[in-house]
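Single-structure report; data block below.
Labels run A, B, C and D following the written order; every chain starts at residue 1.
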Amino acid sequence: MRIGFIGLGSMGVGMAGNLIKGGHALTVWNRSADAAKPLAELGAKVAATAAEAAAGADALHSMLANDAAVRQVILEGGVLDTLPQGAVHVNHATVSVALARELADAHERRGIGYVAAPVFGRPTVAAAGELNLVVSGKPDAVAKVQGLLELLARKVWPMGDDPVRATIVKIGGNFLIGAAIESMAEATTLTRAHGVSAKDFLAVMSGSLFASPIYQVYGGLIADETYSPAGFKMSLGFKDIGLARAAAEAERVPMPFASVIHDALLEALAAGDGELDWSAMARVAARRANLDDSQD
Amino acid sequence: MRIGFIGLGSMGVGMAGNLIKGGHALTVWNRSADAAKPLAELGAKVAATAAEAAAGADALHSMLANDAAVRQVILEGGVLDTLPQGAVHVNHATVSVALARELADAHERRGIGYVAAPVFGRPTVAAAGELNLVVSGKPDAVAKVQGLLELLARKVWPMGDDPVRATIVKIGGNFLIGAAIESMAEATTLTRAHGVSAKDFLAVMSGSLFASPIYQVYGGLIADETYSPAGFKMSLGFKDIGLARAAAEAERVPMPFASVIHDALLEALAAGDGELDWSAMARVAARRANLDDSQD
Amino acid sequence: MRIGFIGLGSMGVGMAGNLIKGGHALTVWNRSADAAKPLAELGAKVAATAAEAAAGADALHSMLANDAAVRQVILEGGVLDTLPQGAVHVNHATVSVALARELADAHERRGIGYVAAPVFGRPTVAAAGELNLVVSGKPDAVAKVQGLLELLARKVWPMGDDPVRATIVKIGGNFLIGAAIESMAEATTLTRAHGVSAKDFLAVMSGSLFASPIYQVYGGLIADETYSPAGFKMSLGFKDIGLARAAAEAERVPMPFASVIHDALLEALAAGDGELDWSAMARVAARRANLDDSQD
Amino acid sequence: MRIGFIGLGSMGVGMAGNLIKGGHALTVWNRSADAAKPLAELGAKVAATAAEAAAGADALHSMLANDAAVRQVILEGGVLDTLPQGAVHVNHATVSVALARELADAHERRGIGYVAAPVFGRPTVAAAGELNLVVSGKPDAVAKVQGLLELLARKVWPMGDDPVRATIVKIGGNFLIGAAIESMAEATTLTRAHGVSAKDFLAVMSGSLFASPIYQVYGGLIADETYSPAGFKMSLGFKDIGLARAAAEAERVPMPFASVIHDALLEALAAGDGELDWSAMARVAARRANLDDSQD
């Protein structure tokens, strides 16, 4: 298949690489051209514009940063004009429910298939082809790209026909991660105040009842206070909790935990911690209790 | 070893049974005598009072319901008068930090070893000898009972010398469970409002990023809405979150998530749901969004 | 002076009337023309468009519903093209901080004075010329309209040069009202649960420590449960708390009370109470405690 | 009438003085005897014990600090043994609902009248005889002391027969004060972040919509940042919000604002601000937004 790939950030570059390794011909594009180099070395063609990367493709994957980037590149960047009718666009970005709906409509009008396929996983997981992909879209569109998705994923989770479905699952999942972090932040502050270190407490938890990737990865960061370089920045966490809150507002869903996380993230941003990993919410909890930021 | 065992509720009966199967001679006591029968059939001696169960024992295990019961039976029930000097009392109950400290002092004054060994796990897990035990106490006291603890546990987690340490880990752990439930309650309300059932959403989460016992067990209850009979009652959850809040208050630790959980549990209790499993916090979240309690 | 007045809702109609009674020649416009009739009877000229109402005016007052209406009518409706250089536009609407800044810049570029003059008070207060006006803008612009403002107000509160200043005071004030309502909602639920009616409790409070318009007006509505017809609708309250939250987010200000109010309003909207007065937040508090909505 | 007065703190000393000035013979007692001197100079007899102050009295007033002091002095200090049958005890302290009920029962059993008469007002107000008193108790008991209460109060608010009623009104009122403080704390942080000082913002608010003692007194403290010496200490505010939360818990009333206030007070106590006036909650809000504690 002829495949376009747009958006070669730390996630996208690994994903595109796996498609190439799977035997596909890729035409790639990224806003800053440097990011395309490693893929060019693997044999990818480098396009000068997003629209050019899409031209004549059977499938177009995009992995862009946020609503604004998706709107600019996909809706306003001419991509839908160069993608052939009958092609399928696979959107891996985490976007708002409102934009997901708008994208679905815009593709439908052009006769282009649209598959929402947001991903769970960090860059190393993306590079290893071990992502969790939640996928929704019209069955024939999904069927066309199923083989591609499997090159990227440990598991492809089919979520039905409506692209909003995968989108809300991704948004709900990110909220769940934020809530797990704030939970660990508060719990470890409590145990520290009673003499048990975050490391000792979390070793028990993530080794028994909560033995899962999220508690192990983020619990490890909290235990070791390794918030920089960030795996996932505070400012991005703030954006994602904002997506959950916007989706909640649209359907009148009170989410008091989301409000607490929002306030903790604001407090971290106010303190200048926007570049730290969002597990540094544990610092906010510790400061409120007048514990040292650092446990040593 | 000669072992006393006090408190034969749904947890205690399985634990005592495992000590017997491990080859130990048990003298057991329970407030209502009926609960002792299955153990008597396994060869346990049945005492008429808690103090009698403790008399002459090398080790005394107790698995009582709450602070009030521990206070009444252990501190005011004569147990510390009949337990021989040098014996070790292993307290499996989840108690407050304040009581943990009081118990440690009272045992110390009598020359009796005191080991805090609260448990994570449900009755079936207790019966299978697969509990997670967090254990703290003076090293010689812990050493004396280490073999007994291993008969009860999938894993024994040593937490150090101070009995308060295991206590706060248990309290922090229960808070973490309550927070996971409220997280899933809010997230599933959000996805349901956008057309994705709790079952579909939680299947992804507990099968990937959150693949751990807590998310799988409680997520399963929320997905299936099987809140009755309760594995762990709302009213007990309320008590446990109260222990976290009391410990937080004592050391000046703000815990906004604990406050939200407290308010959700109060709302559930006000609605008459005190006998349901505490995962029915998902009902509170759904009602606030004006979704049906039931998804069908 | 020749004055234009745009926006003749329940507030604007009384305000415009007071300018006419003060001896000024008014040209008025409203989206639905019927609203202009009572003013035409007082001698006002009725314009066919907003731009026409502004044409040749010394001062233009506008009292529009929200950001969207202000953007459409003022920024996109040609008003800034017909208002003469040196004229002053007095904006009485409650708008976002972001829009206030955008408006100030747009007027500046056209050489038109811009005065932010949001109002506190209900329609009857507006009709009586007894509003509280918070006013900010360049001193010469404010000076030109000072006499007009005094026709509308019990008191004009000067807030300085920057239009954002009056805007944030208005937004902060509305948050304070929302917080007072939620406070009374929770407090009366507490006293009712202990046998003291909202009426009895609030009579004491609003007759002593809290003897002020907000507690007396909204306390009276809560005591009597007269939520319909609404003096200020739940849905408008939701919009105003949204302005506070947006302003807070922009400057990284955690506001946990605003989060609680947001969640209570969402719950009221989910229950279908959007048309009630926003003091019906007391119903949300009562329902959560499983008290009857109605006290009788 | 022969009157006993127990508890001569900053509030009690002024109240007792007003009873003397009203022409009554007082026997007074205070834990530390020095506090009685100014009253002795006004002609009061000084008793050696609380029980002695109560002996033979027609009416006994007490103004003690908290539940513990009331329990120790009144229930365990022999007062109910020396007060004559038919005498009336007027309790001015803010106590828990649970203790109010226990006190009512204990007095009933001894044939002593019991009137709950908690007060709103600061020491200067008490000295001026301008308190607001909320009063409940059996009608004949209240009637006997009505004249005394009027010597203390700007207004006596009758709340009915059950002593719990005045108690919960006082507790609800204190919660309302705490909520007003937190509201002003958040609102002024918001306006400060947008360039409007707390002083400028609160001058508008407490001069218009919120023109009442609470907003003027506490708003003034926040505007001027005069948190020390405290009119009402943070630690006492924490105790009072605790009474509201305990009363709410007893009757299953979720109070999310009370939870937020609790968390803010805990944060202030953790920061070592327990001796400041509780209006210093404004400092907590400012710190969370990374604004200077001090506005200058």
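We take it that contacts are C-beta pairs under 8 Å (C-beta built on N, C-alpha and C of every residue); 3 or more make two chains touch, one makes a residue touch a chain.
Molecules present, by chain and UniProt name: A, B, C, D = NAD(P)-dependent oxidoreductase.
Just so you know, these numbers come straight off a predicted model, no measurement behind them.
> Answer with same or different: of all residue numbers used at the interface between chain A and chain B, are over half used by both copies?
The interface of chain A with chain B is built from mostly shared positions.
> Please work out the Cα centroid separation of chain A and chain B, and write it as a whole number of Å.
37
> How many angstrom lie between the CA centroids of chain B and chain C, rounded to a whole number?
53
> Which residues of chain B are in contact with two or more other chains?
In chain B, the residues touching two or more other chains are 248, 252-256, 260, 263-264, 266-267, 270, 288-290.
> What kind of graph do the touching chains make: line, ring, star, complete, other?
The chain contacts form a complete graph, every chain touching every other.
> Would you mind writing out the residues of chain C in touch with chain B in their complex?
My answer: residues 256, 263, 267, 270-272, 288-290.
> Applying the document's contact rule, which stretches of chain B touch chain A when the two form their complex?
Touching chain A: residues 97, 120, 132, 134, 154-155, 157, 159-160, 162, 164-165, 168-169, 171-173, 175-177, 179-180, 182-184, 186-191, 193-196, 200-201, 203-205, 207-215, 244, 247-248, 251-258, 260, 263-264, 285, 288-290 of chain B.
> State the interface residues of chain B toward chain D in the complex, per the touch definition above.
On the chain B side, the touching residues are 248-249, 252-256, 259-260, 262-264, 266-267, 269-270.
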